[in-house]
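Below, chain A partners chain B and then partners chain C, in two separate complexes.
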Partner chain A sequence: MELSWGPIFARMVVQFLPVWIALIATFAVSITYRRRLGLYGKLFDSPVGMIGFGLVMFWVFTALFADLIITHDPLAQLSGLKNAVPGSALKDTKGDALYSHYLLGGDALARDVFSRMVMGARRVLTIAPAATLFAFMVGITLGLPAGYLGGKLDTLLSFIANLVLAFPVILLFYLLVTPEIRATGIPIVLAAVLFLFPIIFMTILFNSRYFTNPRQRNLYVGITLAIGLWAYSGLAFNADPTGIFSMDPNLLNVFVSVVFVNAPTVFRIVRGIVMDIKARDYVAAGQTRGEGPWYIMLWEILPNARGPLIVDFCLRIGYTTILLGTLGFFGLGVSPESPDWGSTINSGRKLLTLFPHPAVVPALALMSLVLGLNLLADGLREESLKD
Partner chain B sequence: MLKFVLRRLGVMILTAIVLTFIVFFLTNLPPNLEKLARTEGSVRMDDAAVARWVVENGHGGSVLSRYSEWLGVKAGWVLTDDKGVTRGRCIDAGVTAETAPRYCGILQGDWGFSTFAKEPVTAFLGEKLAATGWLMLFVMLLMVPVSLLMGVLSGMREGSRTDRVLSSAAIATTATPEYVSGVILVAIFATSTTGISPILKEWGWIDGNTLFMGTATSALDGFTFWNFGLPVITIALYGIGYIARMTRASMTEVMTQQYIRTARLKGVAFKDVVMRHALRNALIAPFTVIMLQFPWLLNGVVIVETLFNYKGFGWTLVQAASNNDIELLLGCSVVAVFVVLVTQLISDIGYVFLNPRIRLS
Partner chain C sequence: MTATDPTQIWDPSKPILEIDHLSISFFTRLREIPAVMDFSCRVMAGESMGLVGESGCGKSTVALAVMRDLGKNGKIVAGSIKFKGRDLTHMTEDELRHIRGSEIAMIYQEPMASLNPAMKVGAQLAEVPMIHQGMPQAEAWALARQIVADVRLPDPDRILNAYPHQLSGGQQQRIVIAMALMSKPALLILDEPTTALDVTVEAGIVDLVKALGEKYGTSMLFISHNLGLILDVCDRLCVMYSGEAVETGNVVEVFDKMRHPYTQALFRSIPLPGADKNSRPLVSIPGNFPLPHERPQGCNFGPRCDYFQAGRCDATEIPMSDVPGDDRHASRCLKWTEIDWNAPMKAKVTKEKTPIGRVVLKMEDLQKYYSISGGAFGGGAKKVVKANESLSFEASEGETLAIVGESGCGKSTFAKVLMGLETATSGSIMLFDENVQSTPIQKRNTDTVSSVQMVFQNPFDTLNPSMSVGRQIIRALEIFNYGANDQARADRMLQLLDLVKLPRAFAERMPRQLSGGQKQRVGIARAFAGGAKVVVADEPVSALDVSVQAAVTDLLMDIQRENKTTLLFISHDLSIVRYLSDRVMVMYLGHVVEMGTTDQVFQPPYHPYTEALLSAVPVADTRVIRKRIVLEGDIPSAVNPPPGCPFQTRCRWKSQVPGGICETLMPPVRVLAGNHQIKCHLPDAVLAQMEPVIKIAAE
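After this line comes the complex of A and B, so read on.
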């Protein structure tokens, strides 16, 4: 029996039950203790920030509990449900082994749109924040010395950053994310360079703080290098002997390109903030105390630049999500089976005027996530300005 | 002023050279050339034959020398094969080796021959650029007034209800990339099964099956509101939010200035304060933003032309890239890089020109 929109929504609400419970728990705890939680707690004073946080956490929990939420295997094709309208009933539920309906219909390959959308959240929410984090590591590690030391280094780095920024993003993707380029090994070279930055960042961070106490320094830097280089060998070269860290070459290509596109903007932001902050008194005080330049950059300037950086981090995750969607939309670097939102929109658009639902569902999902991130950033900006 | 413009121009030319070199390098990677050899020569060539084809067609040698040939600062390659036939980069059909020019790069206006379109890149690309030009024109005509109006209206009374509604709308549009808004707009206005079209048809308000058309292919022969409306709205929507937020920020800053308060205290009507005193100063910052939106529009153009199947510049770029049409892709890149750099230059100079407070040096 086919379902109408009322029961469809009711059933979806039921499927999302773990998410609701987690959301309510998060909000209850956060609102109760918001006075002790710093900037995060203040977020709950602003309605805009709360709505944004709610939307973002909805998708985060959806990604976490995706296995509990989905109604069907996202890759399973069931006969008779090709392009089925939302709420279509299964012809054969195999004795209640399968969920009785395709809640949001079926796509052109008769797969469940709802389950694919839910699984897509998991994919998007693992790649986008990680790629943004890497872009921030690169941008911060290069932006701090460019802004603080200036001179030839700044001129050179800014020129390179402007070069990358002058590239139309789509053109860059079409050049960087192709099967041909994978054969030349350029993505691996890029990965080898870009993935080095988090290790450099953490090493300098601990070294500049603890170099007066060699035992502590050796411990922290040692741990960083051990874990960092282990992950590095696995992620960049796929040479991790234990196999814990590895990345599919397709995914590596996409990941590296997205980091590469984002890093120059972060660099420019960090550089701008540093140039503003370095004229402050506490920086001058640090210099007079005889602190090294890296200590001042990482332990004096960076913590004071956190406000704008956190706001930009939220915005940038949204932007990265859009970029990943763009890649999926053009079918670049992702397998056709992948449930990520960009590729599902792409595969759905061919029959868009006849069966809009396979494309509209992931489109709305992507939009709500990015909207949530933008609202969250707006709320954070508002609250951090109140100090 | 002249010195500033010249220096900017110098940096711009250097950037253009580096960027085109990168594009040239990435489009002329060995795997791309092998693929080209197999499509242009024969599919059944063995590896040695492929390697020979690549060298005989001027794709051998260092990247730098090939780039200089392509740019037109180095004489094009000439090769006489075993049968005594002389071929070369500059020797087109109907020209003998003696009469052919020595240099033929993009500087000489020879952009190569497109293997996808089977015609010279300049002719093909020119036609497609004209189509995209119309799209851009309508996008600008819609985007600029709407976004400035939104920004000014929400910025002139910060915190009012109008402000909150318009700001929320602006945030919502910036969260909606073109491929999302395009899909949603088509689902609402251009499908015969969902959205408002079936209702309108039932009421007898529209003749066809759908209100708007889901493709813009017919717009090439003559555009109407119904076949061109959705692509234009889709591209404009993403930019509107961004420009509106910038305008709002600029407007709220101006509205807190002393001279605005003075004007208000003198008894000038609020409308006149906004129109005469605030507006001109508030529109300096959005000018830069609008100019810098051009590279963004390029992005939107590629997505929307693919989505609505409008055969313009963006569509050409996608076709060139997916068909391994090296010369056409290089042509597209030159245009794209040129657009981005020129808009950057104009926005820099324009900003200085509009804002007398900035000192040049």
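After this line comes the complex of A and C, so read on.
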């Protein structure tokens, strides 16, 4: 028996039950203690920010509880449900082992659109924030000295950043993922360079602060280097002996490309803020007591640049999500079977006029996440300006 | 009350502006914050009214309320503001637009923020009558030219065709005043119009404002925190405290016969000429300014008042009560009839003067040049900015050496070179018999670094806003290798907080939870963390309110006495310099023009620049008679200094020097009696004839 839209929505709401519970708990706790939570707490004074945060958290929790929410295996193909309309009932439920309906229909390969959409959230939300974080590490590590020290270093780094920004992004992606380019090893080299930055960043961060106390410094820097280099070997060269850190070569490509195109923009933002903040008296106070430049950059300047950076971080996750979608749409990057939203939209577009639902569902999901991130960034910006 | 007909012709014998029991509140998402309560004042035609008070007392809010420009959070909750008999509080936006800029004009603190950087000055000025009176363009430009000449700007035609950024700060402020005068307003509101300017420029603007007020018969509402300025400009004043007017009256009467404890405390916290740090220490007002939502019951000043009487002062709201016999003089105090206003100040402990020890810092012939490139791409001719020229002086242990000068005189560059942030071009700096002139701070050893420290000017900028107070002090201790472990450093940090008289609980606070004065104290604690021997204080109190200034100044002096610190006190405020320094060094355009003990510098013979500087500083004392010397023009640029004597372009004594050598020859340093140095060509006979700028009239 087919379901009409009312029951479909009702059933979806039920499926998302863990997400609702988690959302209600988050909001209840946050609103109760908002006066003690700093900027995060202030977010709950702005309706726009709250809606944005709600949308983002909805997808975060969906990604977390995806295993509980999905109704079918996102890769399983069931006969008779190819391009099935939303609400189609399964012909053979194999006893009670399977959920009785394809809530949002089936795609061209007879897979459950709803489950793929839910699982896609997990894919998107693991890659996008991580790639953005790496882009920030690179941008910050280079932007701080460019802005603070200036001079030739600044000229050189700004020139390189502008060069990358001036290059068409899509063409860059195509180049990075074509087999010929990959055979030259350029992506691996790029990964090797880009993944080094977080380690450099953390090492300098701890060293500049704790160098007065060598024991503490050695401890922190040691831990950073141990974990960092371990992860580095696995992620960049796939040479982790334990095999915990590894990255699919396709994914690595996408990751590197995304970091590579995002980092210059972050670099420019950081550089601009640093040039403003370095004229403050507390920076001069640091200089007059003989602090090193990295301490001043990382501990005196960076924390005070956090406002605009957090806002940009949110916006950039949204941008990266779309970028990943675009990449998937072009068939670049992640594996063809992957349920990520970009690839799903791409595969659904072929039959868009006949069966719109396989493409529309992930498109709506992508739209709501990006909208949520934008609203969240707006809310944060607005609230960080108020007292 | 009779209804006022808006069309009726306004009677000039009635007040121009009449504010009646005005209350203003700001509404935030947490609560309603009352900014001004029950404020009344009356400005007659041609009268200038001063509003004085510390930051946060609501004086600017009153001005904005008159303009009805309180923003979306601010609301007038009670009372009325009548301008020429018409109530502004009930006017529509449309009616207000006709009044703003044409009948009421406002001048703000920051001139550059009031001018459109993309429009020529002439176009901005001409716009005013074109909009308000529909004047034809040619006529408007002609009027603009006339007004620009009226505000005493040289070469009006060139100025009209200039963009704002091509003018100096003083010129910009004159343009802002000209713009306000374009439509011949009946009321001019000036909100701290000279705070962003140098003292000699300020003196020019103040003179101008006074003269224009008389010429055009404009009434003025003059807002300032500087009592001396109010005395110079205003006929009447209104002292505000925490949202209320506490005393109002004729300027001379309020200055001489104050009838409110807050006014009295305010006067006692500012240094007056002739006062000395050891004989008449400044009396700061105890406690802190109450936050708007934490105001006490009854008298707002009660908790900080010496005459406070529990059960009476904190019982009911206190109304203004008239002081009989005076000219509209009123005080918001219940006890003003009972207080003995002529009682001398409580005898303070007279503090011993610090003995001056051996020489710790010696600069000889220090020069610092910057080269800047001429073209946009690093090409073009290289230009040299001579920030410091042949600076020589020495400072001894326990001594306070004041460095006085206006912006661009090279005092900050000098501080940077001393701290090691820049290296000197030539010359030597001997610090404890060690030559440090070409050692940048990275190469100095920790002892040297920790023994020369700095206190910064802006309290809101001196602490890292995202680090707790305790952490910032501990960081300084860490970097100076103080203490064996974290515990020792934490203990020392608490001791330092005790030293600067802050509660120990402040260690956990973030800087934004502290007031300006408290932040400045933390800055001082941080500077003294490594047992500094030489402390450079770069205008440490100029951004603070007067009542707090006294406390912070005294604190610095106390620490100096205890540690025998050498204090290099950079300031442009001559009253505070006179109050606390042992020796004074006056700088102009990178040169030391005069140096000597405080008495030598503050008494004739003066260097002409010192003389002008002394006469420019407003003094809040009616007994003081000052000679007015207003310098023409602005400070020349250090990129292109005038030939000969740096001061010759503005010097009023130039004609007294035979042969016009001022324009060609750099004057040599002359040593007068008592090692008093002056860099001037004036013959001894002329120097000897100089009269003191400040005289205290015999009572």
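Observations on the structure shown:
Here, the second predicted complex is superposed on the first by the 386 of 387 C-alpha atoms of A that agree within 3 Å, B and C clash if a C-alpha of one lies under 4 Å from a C-alpha of the other, contacts with A are read in each partner's own complex, and residues count from 1 in each chain.
In this section, a residue touches a chain if its C-beta (ideal position, glycine included) is under 8 Å from a C-beta of that chain, and two chains touch if they have at least 3 such contacts.
Since we're looking at a predicted model, the values are computed, not measured.
Within the superposed three-chain model, A:Arg280 lies in touch with chain C and out of touch with chain B [touch as defined at top]. Judged by the touch definition given at the top, the superposed model places A:Gly290 against chain C, while chain B stays out of reach. After overlaying the two complexes on the shared chain, residue contacts for A:Ile170 are found with chain B alone; chain C is out of touch.
In the superposition on chain A, A:Leu375 makes contact with chain B only, while chain C stays out of contact range. When the two complexes are overlaid on their common chain A, residue A:Gly318 makes contact with chain B while staying clear of chain C.
When the two complexes are overlaid, the chain among chain B and chain C that reaches more residues of chain A is B. Of the two partner chains placed around the shared chain by superposition, chain B is the only one that A:Leu364 touches, whereas chain C remains out of contact.
When the two structures are aligned on the shared chain, A:Ser4 is found in touch with neither chain B nor chain C. Of the two partner chains placed around the shared chain by superposition, chain B is the only one that A:Ile181 touches, whereas chain C remains out of contact. In the superposed pair of complexes, A:Glu300 makes contact with chain C only, with no contact to chain B. Residues of chain A that lie in the contact sets of both chain B and chain C are absent, per the superposition on chain A. Taken together, the chain A residues at the contact with chain C in this complex read 45, 212-213, 280-282, 284-285, 287-292, 299-300, 303-304, 306, 387.
Interface of chain A with chain B (complex): residues 159, 162-163, 166-171, 174-176, 178, 180-181, 183-184, 186, 318, 322, 325-326, 329-330, 342, 345, 348-349, 352-357, 359-360, 363-364, 366-367, 370-371, 373-375, 378.
Those residues of chain B that touch chain A in the complex are listed here as 11, 15, 18-19, 22-23, 26-27, 29-32, 35, 171-172, 174-177, 179-180, 183-184, 186-187, 190-195, 210, 214, 295, 298-299, 302-303, 306-307, 314, 317-318, 321, 324, 329, 332-333, 336-337, 340-341, 344.
Put simply, chain C touches chain A in their complex at residues 28-29, 419-421, 441-442, 444, 446, 449-450, 452-454, 456-458, 461-467, 476, 478-481, 523, 526, 530.
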